[in-house]
Amino acid sequence: MEKDIRESIEWAKINGDVLKSLESPRPLFWVILVIALSMFGVGLGCEIYQYQIGMGVANLNNPQVWGLYIATFIFWIGMSHSGTLLSAILHLMHADWRKPIYRFAEAMTTFSLMTAGLFVMVHLGRLWQFYYAIPYPSERWVWPNFQSPLLWDAMAIFTYLSSSVIFLFIGMIPDLAICRDHLHPGWRKSLYTVLSLGWEGTDRQWRNFRMTYLTVACFLIPLAVSVHSIVASDFAMSQQPGWHVTSFPPYFVAGALYSGCAAIITLFVILRYVFKFEEYMTLPILKKIVRLTFAIAMVWTYLNAVEFASVWYSHDEASKAVLIQKATGIYAPFWWMMNFCGSVVPFVMMIKRLQTNIPVMFAVSLLLNLGMWLERWMIVSPTFSHGYYPYLWDNNQWPTLVQWGIVFGSFGWFTLLFMGFCKLFPSVSMYEVKEMVYHRSLALKHTERNLAVNATELAEKGAH
Amino acid sequence: MIENSFNRRDFLKVLGWGGTAVALSGCGNTSIQDGVETVVSYVEPPEYAIPGISVYFNSTCAQCDAGCNITGRLREGRVLKLEGNPNSVINHGKLCGLGQAGVQAHYNPDRVREPLLRNGDKGEVIAWDKALGLINEKLSGVKGDEIAFLTGGLSGHVKVLLNNYLEALGSKNHYAYEAVSPSVVRAANKKAYGVEMPRLRLDKAKVVVSFGADFLGAWVSPVNFSQQYAKFRKADENGRGVLVQIESKMTLTGANADRWIVIRPGTEGILALGIVNALGASGVSLPADVAAVSKAYSSERVSKDTGVPAEQIEKLAALLKERSPSLVITGSAAEGYAHGSQNAAAIALLNRVLGNIGKTIEAPANVPFPQVAVTTGNRSSVQALNDSLANGKIKVLFSYGTNPVFTAPTALKFKENLGKVPFKIAFAHYLDETSREADLVLPLDSALEDWGTSVPEYLGEASQLSIQQPLMEKLHPNTKGLGDILLALLKQRREKEYKDYEDFYSYLRSAVVKNKSALGGSGEDDDTFWTNTLSNGIVPFSASSNNLSAKSSAAGLVLPPPADENSGYPLHLIPSVTASLRDGRHANQPWLQESPDPLTTIVWDSWVELHPKTAAKLGIVEGDIVEVTSRSGSVKAQAYLFPGIHPDAVSIPLGNGHVALGRWAKDVGVNAFGILDQVVDKETGELALNETRVKISKTGKRVFIVKDEGAVGGSQAGVKIAVRVSTDDVELSGEV
Amino acid sequence: MSVSNMLENWSKFRHMHPVDDKPHEEYKWAMAIDLDACSGCNACSVACYAENNLPVVGKQKFDAGQQMHWMRIERYWDDDGREFPDQGAQFMPMLCQQCEAAPCETVCPVGATNHTADGLNSQVYNRCIGSRYCSANCPFKVRYFNWYDYPTTDNVWPAEMTQQLNPDVTVRGKGVMEKCTFCVQRLERAKNNARTEGRLVHDGEVQTACQQACPTSAITFGNLVEPESKVAKKWAHQQVELAAKDVQAKDEQEGGSDLRGYRIFEELRAYPSVMYLERVRESAI
């Protein structure tokens, strides 16, 4: 049986391997950075065009008032649940195999949230007045509307983002101290000196650290659940057919975890290859995350089926009509692809041989995320095209290149942020890996000693 | 609230553009976006001009021949919106969409602003005095019968001046041309009832059977009829009125019918005689001549000829017999054939047989001043003019208010013949297809800037003189009112007679005030009378009306059998007149282009309506660009599947297809007028609008039709949106 | 300080309408549209363009579904497969129903749409940030968004046409939502005039633009709270109640009702302020 991590890794080696990833990047890094920058540029250009001319260039209309912006917004929020799942939930479950991989997952959470925040702005007709949605004591004596799920979104996401940043930062402090101590003088060393807040690794500091970390983790878990439930209530609280479904909050949370885990697999493969983290992001860990993803895929599939069944067996004719439209109407190819990617493709992950097959798992993870993006789009658009009012049923309204451009650009933005993070901060948690190695080696010694004792006993017995 | 205590002229002068000490926000050189305005306070504001408070003035709508009376709302010296004048016996305070768009005709950026003289292909700006001098010059040495004046329907004091001017020129050539007038119906009415347009009492009728008269949409006086229709529908002591519409292509009125009967094109007269026959068979006593004529029209024979089921004919006859009085109206559908007059005569027999004359068909109110009464326009006048033009007889042609280069059938070659006239003068608001051909274009004040009077074409409960007065000062300094131009031209010929009149306004004032005793102002002094007249906007004529009686005999009424199937051109083209566009003069008013056609919801384009069965046979789906070819020409337009049309007919709306007129009209849609065959009604010589036969072919192109309705078209998809209930299931009495 | 303002006014800020303890006091504007009288002529729609500074979007944007008609006239055919529509068509004038429990009001993140004391659903243009949630939640889809900046778009209000604009109504820029307001500018003026004279607005003193134009007088508009107003009498005679839950009491009785007043989507409990009267078709022909 392969081990999650080799127990005999020296701590110095851990430091060395991870700190190596912070060195000057190879040419490939710059190539990908330029690509990401141009993707972002495309998105930025489209947004500037849309800002100048008006939302009409996105080919939105009455009734299709929301399009890819909302769909992608939810997609990015969903992606953000990966980090919380890994760092917080698995932390509380004492699943220490998360330790080598949770750092980049947590970073992914933070940057996904930042990307999602962009979409909130892009989607607004008058984005220069977005601050009306912020609850500050304005001179107009007007507060935002606290009854509105969109406002809950704003609050929840902001809270989640700030908490995630705090969690990420706090978790990094011991590592930042390592960076500070091992790197040559320069702007980086000063940065780490400031950020590591004078960490010396004393007992007291470690005790405080553990307590803080645990507290924030406990705080973050309900927050994650509530954030995506609130995003779900954008739809569930409306009475439009296809949206007014009570199972939406857990369905969205499940979808978010699903998205996040799939993205973890994707980034796992990439970072493992790029930074040569084979020792840390080991295949057994990959196997575990793959199996976790599969489990969540089945939860999502179940909740998906619950949504369909509850509509199908209801007397809500309008919602039934929307469901039938999704399966047979203009969006049918996308809807079926979503179901395929979301419910059928995961079964590849049950094939033991393939669970550690890197290329296959990479492809699968991308397909899963495609399915999840399509799912968000299929929640938004079909309801508009086939709502309560037949005169407004609209079979021919598709997003323009402006919408696609901005969606495309968001991936560039995310990549930019993530690449910046990986080069500036350790993407594997050094101190946690050391803990993992330490505990594993202790356990191994225990086992070896027990085995030796048993062998001796057996030998003694046998000698008689 | 009409202020009486001021002099209207002074008001306009003060608020006028000449004055520098004027506070006007939002006029001329403002930009809404960056809020750049020039605001200067009043030095001496008139007492009634309170910024922020609206002032209302009455005038007359000029968007169609109904001539409804309007009240304009003004703020800071500019007219914003038009409403109906509540005191009008025509429209009683209501105004249709076309009337609302009158402000767009006024503020239209494509209006002609300067007199233009042709130089090659272009028009060069010329000063007014030079222009008028040029006219005088071109008229010298020209005989009276070589001068012609082409107008639309005309009434009021402008008509008086026009007639005087023609007289001064020694010309009798006044051609009044209206492309979509009910001229055959008028002639038939004259024969049947003694008047061209009797007063139709929809409000008194229990049943209205309309043979294609779109009285709610674009026929004669839609706002007036709509209000009567509202009363007709109310369940009063007469019960709720029943509307039956018989036509080959559904009009707006047809869409509101309790029973819409589709009929083979041209067979309306046959059906009318069939109903007469059925009435006779059910015991209604028929006069001898009527019985003789209708004997051969049994329900079976009529059903075969018209396509209307025999039971339907009998049911209709039973309804008409039971519910009296009824009202039978002949409309454009019936009259638009070579035998249109016969159709109309047959339909008029129904009124006679049912005893409606004198009950729901009454005499219109008299107009005691025939010189201001309406000269109606018709289509045969343009044919006569065309003949004169073709012979080169006309040396000077004046035109006003009509666009024959656009509306005349191409077969007439009107544009070509127009080119034979050495000097053409157009009084125009826009450079439309006809005024573009002129040698001299004289820019007119818009209807909201001009003085005038008019008498409505359709006279209902009373006759009146409608006042048209400027609702604001001129937008463009160099336009002139038609009356002012005519007066100036008259002064060239008859200086002495008109020298006392400084302008048309003073002529008008004196002409009206002169007759104040006949106009109900005998107790008042001139100024008060005139001020009250302007304030009311309406001068009622106290005139009685005569009694009507059935005039003509049915003897000699012969209806031709239904038209043969013409294999080369198998389909009947029924061009439709929409309420918004009519003959196309309003195509440059964007509200009207953006206003969806009520029956198809299509906007900003033309279309070819065909029945789904016909489309299926030809393999045409919605959006296919089809070519509709007649013997006289062809047009290409998008096909629209429309259930409210006879399977052997197609329909294209009239009014679009301009190549000039303005930015919102140019290149929008196709011109169906052009492909009409030059076939005329035998009795009146009027162009028979529905006699054109066409064939249809696909071009291979397909577009998405731009329309308001969604993907499921006219279906409610099982959702309870617009609910209909049968009279059996509803309790209407006691409704408030 | 606005915190205290919020706490003090919370109960008024989001009060569910209609309620027994807080009915509308002086005015509750409502409408009754007689579908039997409506001829589908579109005069009301054009009058609304004139009164409320609606932009004409042109063919391309109309094709994209971005038209701005606050009042739209829908045309329906019977769905029974007959060869010809021999009982005519159905016309449905659809405008903002000014719902008492409007689904749009609760979901605006910034509170740009609210309920007024006289029963209107208000749209505050300068508060709107354009999230379009209100339109997403509207079952009637009667909300229209400014997808472009029409004041600066060519051929919308060129040159002199800007002078036609009604100064009592904001000209909307891009990014804001708009919809029928029951001609609130006219209502405000009428209420002000009445208040100056120390009275309430008389029935018929104020008309909406659509009502004023309608040639068949199919639209009745007025104050539902005043029992002698035409609209209140119509609602009362038709036994349509503003706050009926899911179904009107008259429709629950045995055999249904032979009155023809109804509201659309009654079961969604939005409590629309517009009542429609069913179109009637003669059975004897």
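The letters A, B and C name the chains in turn, as written, and every chain counts its residues from 1.
One rule holds for everything that comes next: a contact is a pair of C-beta atoms (placed from the backbone, for glycine too) under 8 Å apart; a residue touches a chain by one contact, two chains touch by 3 or more.
What you see is a predicted model; the values in this text were computed from it and never measured.
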{"item": "Farthest chain (mean CA position) relative to subunit C", "value": "A"}
{"item": "More contacts between chains, A-B or A-C", "value": "A-C"}
{"item": "Chain occupying the middle, per Cα centroid", "value": "C"}
{"item": "Length of the line joining the C-alpha centres of subunit B and subunit C, rounded to whole Å", "value": "32"}
{"item": "Separation of mean Cα positions, subunit C and subunit A [Å, integer]", "value": "44"}
{"item": "Separation of subunit A from subunit B, taking each centre as the mean of its C-alpha atoms, in whole Å", "value": "67"}
{"item": "Overlap residues in subunit A, where contacts from two or more other chains coincide", "value": "388-389, 391-392, 394"}
{"item": "Where subunit B touches two or more other chains, by residue", "value": "704, 709, 715-718, 721"}
{"item": "Touching two or more other chains - residues of subunit C", "value": "67, 74, 92, 149"}
{"item": "Contacting residues of subunit B [partner subunit C, same complex]", "value": "25-28, 30, 32-33, 75-76, 78-84, 91, 93-101, 103-104, 107-109, 216-217, 222-223, 226-227, 229-230, 233, 240, 242, 244-245, 250, 252-262, 315-316, 319, 322, 475, 579-580, 590-596, 598-601, 603-605, 613, 643-644, 663-664, 668, 704, 706, 708-709, 713-718, 720-732, 734-736"}
{"item": "Touch list for subunit A against partner subunit B, complex", "value": "317-318, 321, 388-396"}
{"item": "Subunit A-touching residues of subunit C, taken from the complex the two chains share", "value": "1-3, 5-6, 14, 61, 64-67, 74, 92, 94, 103, 106-111, 127-133, 135-137, 139-141, 143-149, 174-177, 265, 268"}
{"item": "Interfacial residue positions of subunit B with respect to subunit A in the complex", "value": "704, 709-712, 715-719, 721"}
{"item": "Interfacial residue positions of subunit A with respect to subunit C in the complex", "value": "53-56, 59-66, 123-127, 129-130, 132-133, 137-138, 140-145, 147-151, 154, 234, 237-240, 384, 387-389, 391-392, 394, 397"}
